[in-house]
Amino acid sequence: MARWKAGLVSAALLLLCWQGLCWAGLWPRYVFPWPADVAATLWRLISTMELAVALLHTVKRIGLGFGLSAAGGLLLGLGLSRSRTLSDLLGPLVQGLQSMPSICWYPLAILWFGWNEGALLFVTTAGALFAVASAAESGVRNIPPGYIRAAATMGARGWRLYTRVVLPAALPSLLTGLRLGWSFAWRSLMAGELLFLNLGLGHLLAMGRDLGDAAQVMAVIVAILAVGVLVDRACFSRAEAAVRLRFGFDKAA
Amino acid sequence: SARGEGPEQPGAPPGEVRVGYMPNLTHAQAVLGVAGGTFARYIGAEVRPRLFTSGSAALQALFAGEVDLLYVGPAPAVSGYLRSDGAALRVIAGAASGGSLFVLRPEVDRHDLRGLRLATPGIGNSQDVALRHLLAQEGWRTRERGGDVTLSPMAPAEILTLFERGELDGAWVAEPWGSRLILEAGGVLAIDERDLWPEGRVPTTLLAVRPDFLSRHPETVRRFLEAHVAITREIQADPEGSRARVQEALAELQGRPLNDEVIASAWARIDFTIDPMADAVAELADRAFAAGLLGARRPDLASLYDLTLLQEVAP
Amino acid sequence: MRQPAVQPVPPELTLSSVTKHFETRRGRMKVLDRVSLIVRRGEFLCLLGPSGCGKSTLFNIIAGLEEPDSGEVLVEGEPISGPGPDRVVVFQDGALFPWLTALGNVEFGLSLQNIPRAERRERAMAALEMVRLARFGDAYIHELSGGMRQRVAIARALALEPKLLLMDEPFAALDAQTRNLMHEELQRIWARTGQTIIFVTHNVSEAIRLGDRIAVLSFRPGRVRREVTIQHPRPRKADDPRLLEIRTFLVRDLRSDVEAAVEEELGDG
Amino acid sequence: MARWKAGLVSAALLLLCWQGLCWAGLWPRYVFPWPADVAATLWRLISTMELAVALLHTVKRIGLGFGLSAAGGLLLGLGLSRSRTLSDLLGPLVQGLQSMPSICWYPLAILWFGWNEGALLFVTTAGALFAVASAAESGVRNIPPGYIRAAATMGARGWRLYTRVVLPAALPSLLTGLRLGWSFAWRSLMAGELLFLNLGLGHLLAMGRDLGDAAQVMAVIVAILAVGVLVDRACFSRAEAAVRLRFGFDKAA
Amino acid sequence: MRQPAVQPVPPELTLSSVTKHFETRRGRMKVLDRVSLIVRRGEFLCLLGPSGCGKSTLFNIIAGLEEPDSGEVLVEGEPISGPGPDRVVVFQDGALFPWLTALGNVEFGLSLQNIPRAERRERAMAALEMVRLARFGDAYIHELSGGMRQRVAIARALALEPKLLLMDEPFAALDAQTRNLMHEELQRIWARTGQTIIFVTHNVSEAIRLGDRIAVLSFRPGRVRREVTIQHPRPRKADDPRLLEIRTFLVRDLRSDVEAAVEEELGDG
């Protein structure tokens, strides 16, 4: 594939630039590690299973946190879209909380839930919940009314109208909302792990920092990047491409 | 909820005791008591260690009801006591004195702190209070207060890195970081806090307990205290041997060996004691209040201490 | 006005004195004014009127999507309650579901009636065959041309075998050639199914070509201004002189209304 | 206005719920402060000017950081949209970096730039730059080609075609990208201030945390929320509404 | 084929043997095959052909938006190089800029020529007056109806006073009534400005109503299959028997091509 090749070339280019910067010697090697150092560290982290353990914890956390906020956000958003009053009352709140960097909750989360996974879950979930909710609400509100009317004349009502027409019609917006929610949740989790919990990629990063080991920091960054790209590519890009194809959005472009 | 105990009968021994401390030299009793199993042996229950990297983190965990007994610096102890109107903790013994150093880069004049970039391990912790008091005494003002001295809280590891790179001019830290700054990063000892206090007695670590835990399990606390006293006596009796054991346990915790020279230097600057040092703590509280770290009410430490058990254990 | 002869069986659809207002920023606007209409079983009725005269509103009322302020809508003598699969609407833009294939769209209404899978598939395929799209069952909507989409929409309605097929300017967005084709297709289908069809349009030629009868609505408030029965045999040719005569008559009849619409359109000038 | 009223009612409701939770006594007051405590603390922070000083620093930082990433992101995105090769080479990189929680850069940023505003600026900028860039690129790519052709037949070329047709046509997407970029930058800055720099709202929050002062934490959260909502409402919502009105997007809905 | 008499001044537009291919997934497709055409100054030429025969492609070549594979395009005897304001295109969808007002859209092309503000405004207003939209200069595009938008697009082109006005199915998206109005407007404007107009359509009636001359393109590869000159006086009526005769002739002539297109459209059947 041409895109694959371009990706490889661009990765090679990046490595080259990086090595070039190293050779240029702007920073000493312990501050700006060489690609080889990072690769060696990465290999150490992999072979000692440290990376795998950290990954496991992080994946468990993001899975739970994002899952919760996706489910909760969809429910909240759909609820808001059903009732004008509800949306008038809670809408501003949801908007406000959406703009809130959720990491700011963490001191309180610790006080409320303790110095444990619960607090981290709260921070991760709070980061994404409201973004998903407001995307879901506006997605449902902006469904072409023609779909609803057509379904109504064919006898669709209540629950069926919802599952068979409203949700599929809103799917593109829901996906966009979920993707945004994911990126917020991911950011919150990383900040949270960096700040206060052990085990997990963020903690491995913090360890690198505490040990003054720039190569480890870089190696963990590479791992975090890989997770992010993988999720983006494997889940969201693919789902969006499928929806775009089915809905025929690409035709318009 | 994460708070509170499980459904237990009052008086019954707890299934486990959660002990909070920092993996530091100044918390040597905790390190030894956990590593050598002394705590568990004395109280006859499982001991679950909770490690923290700063006093404020430990305080948060105490507030959240996640630790029962806590080795903590005097400043977090006071602020936790005051914030919670006495509901969160009681100090039941002292643990360590000294081991708190102000280190500067060699080219800096100790008496001219103008425009310097200084660091402490956290806002309102014992070293932070000490440095703020020093600044106030000598007439320097921080940037938050419109002056030109930068006073940043940061993790000790970061302090070391930045100090090495010349990004920091000085820091007030606890051991072994003070010795590391001197021996590894070329810092110069400006103040050993012991020199500022009568008889060199400056509280660095205290032993605190959650009041509701104390009232529910007085016997457990009492036995824990016995273990604490025993370990302290042991350290006093055999400083070198104890040092080796602490060093070993810390190396285990941090996953890498520690520098002998650093540990030796740091160890020499700490006095281990069960003396609660109440007067010094009161003085510290006043200083923290003066620095604006304790809110608007003058600190009233009336029942910060509960020394009845200590008097029974070590009359 | 001419009234069709009263029949022993109740007529398929009876509108009696349907009136409807809308609240607008400039106050209450009467859109439909005492519209009465009777449609016999198997009839092809065209509703003709200038843009904005209330055709879609009347349609929504018949479909049960909106309630009249006063008046009654009876289907086979029974008052209607809400939308139902006995009166299916084919909308101007098709309103097909892009997340379903052509076949899926046609099956949609059937699955709402809990018809078993095999029968559903069979009836849907039959409907697609009727609009000559059997080969395109797997295609997604965006893969079809405008004319093909309109035919899927018709198949979706036909599959439900409604008593009344309501079509709201279904061919307005198509180009002239495709529209011609669709006219032929629609008449072929109607000849086969014998359904009752009400067809809304603002295009006089379209109405003349398709309708057994044409009901002309006036411009604001909408009112049945005239009914014309066309007994001309099918297929009808556009250049048949007798049809051209009716066309000229209707165009002249509509002129004042059209001019009102034109006034709005042309702005100044 | 009805929306104003709804906002007030919802704020009142929120306060009531909050006070209700306090009365329920799930948590002690020093862990879950009362609205009155928070109001008092807020007043203290305002009257001692602490809040104003913190706000000033934060605003300066976000202004600079977001400004840089907006400008840089637009330039990068427009550059990518101009050349297929460039976009094939750098596209995957931009996508990857976009998914990277920028706070993870902070240990390296400190090593590279030192313990200063530069490091924070780097983290803030890195948080938003790539989001803005990729929105700008896709925005320009998805301009209806009719606009470009129409402008070309009227003689628009080169620079003029860009400033007079391409940019205005892409404006809605650019705005969406900028809004997303803002939310990333704001999150990164807050995490950064919490983690490592003094002065600023995040620092005030960290101070509340370190002193075990939940009321101060809550008060600062309220302030952060206010800034977020204000920026969202005053800048982005307003700009988007203006664009929607002009482009007539609301008609379709 | 009929060729217009050779004139002493060079013709406005000369196409000589323009050929164009497209690369598609199924190989190289010849879209235009040696198209030659001469357009006199002030002429109203209609290009007629079924959908997909290459009308827009030919147009893009004339406009300078695309290059022919071989052959030449001369304007007043000079070969063209790229698009230019002497040949302005009015597209089917108008392609108006939604971020500008109607007046802003009309001024756009003028401002590209660095015409001073006052003159620009004056010429733009004159153009808007010509399409009877002077009152709507302040309106944004989405505030106008389909017909009004098309008129703004025409005004935008007129304001540039191009030698050649190229119109690519500009009224295809309009309903019949509005389209009728637009035909009248366009002829009125043409009578006033005397510009050379090339008008693309696939609607035979439209071509007959508007053109001095009709060039019929064949279906794939596009080739000028026939040219018809219409000397009928204006305004022309749709039901004029002589025009109907030409219409019947052209429709029959196009039939085979139309059937090819229909084949594609109808799918199976």
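In order of appearance the chains are A, B, C, D and E, and numbering begins at 1 in each one.
The rule is simple: a contact is a pair of C-beta atoms (placed from the backbone, for glycine too) under 8 Å apart; a residue touches a chain by one contact, two chains touch by 3 or more.
Remember, it's a predicted structure, so these values are computed and weren't measured experimentally.
Identification of common neighbours of chain B and chain C yields A.
A comparison of the A-B and D-E interfaces places the larger number of contacting C-beta pairs at D-E.
Centroid to centroid, with C-alpha atoms defining each point, chain B and chain D lie 39 Å apart. Measuring from the averaged C-alpha position of chain C to that of chain E gives a distance of 34 Å. One finds 51 Å separating the Cα centroids of chain C and chain D. With centres taken as mean Cα positions, chain C sits 48 Å from chain A. Counting partner chains per residue, chain A has residues 31, 107, 111-112, 209 touching two or more of them.
The set of chain B residues touching two or more other chains comprises 3, 60, 63-64, 158, 161, 165. Contacts from chain D toward chain B in the complex involve residues 26-28, 30-31, 44, 50, 53, 110-111, 114-116, 196-199, 206-207, 209-214. Touching chain E in their complex are the following residues of chain D: 144, 146-147, 149-156, 160, 164-165, 168-169, 171, 246-248, 251. In the complex of the two chains, the chain E residues touching chain D come out as 60, 63-65, 83-85, 87-89, 91, 93, 95-100, 108-109, 112-113, 140-143, 156, 160.
For chain B in complex with chain A, the touching residues are 2-3, 50, 57, 60-61, 63-66, 155, 157-158, 160-161, 165, 256. By the touch rule above, chain B contacts chain D in their complex via residues 1, 3, 54, 56, 59-60, 63-64, 76, 79-80, 83-85, 87-88, 117, 122-125, 143-144, 150-154, 158, 161-162, 165, 167-168, 293-296.
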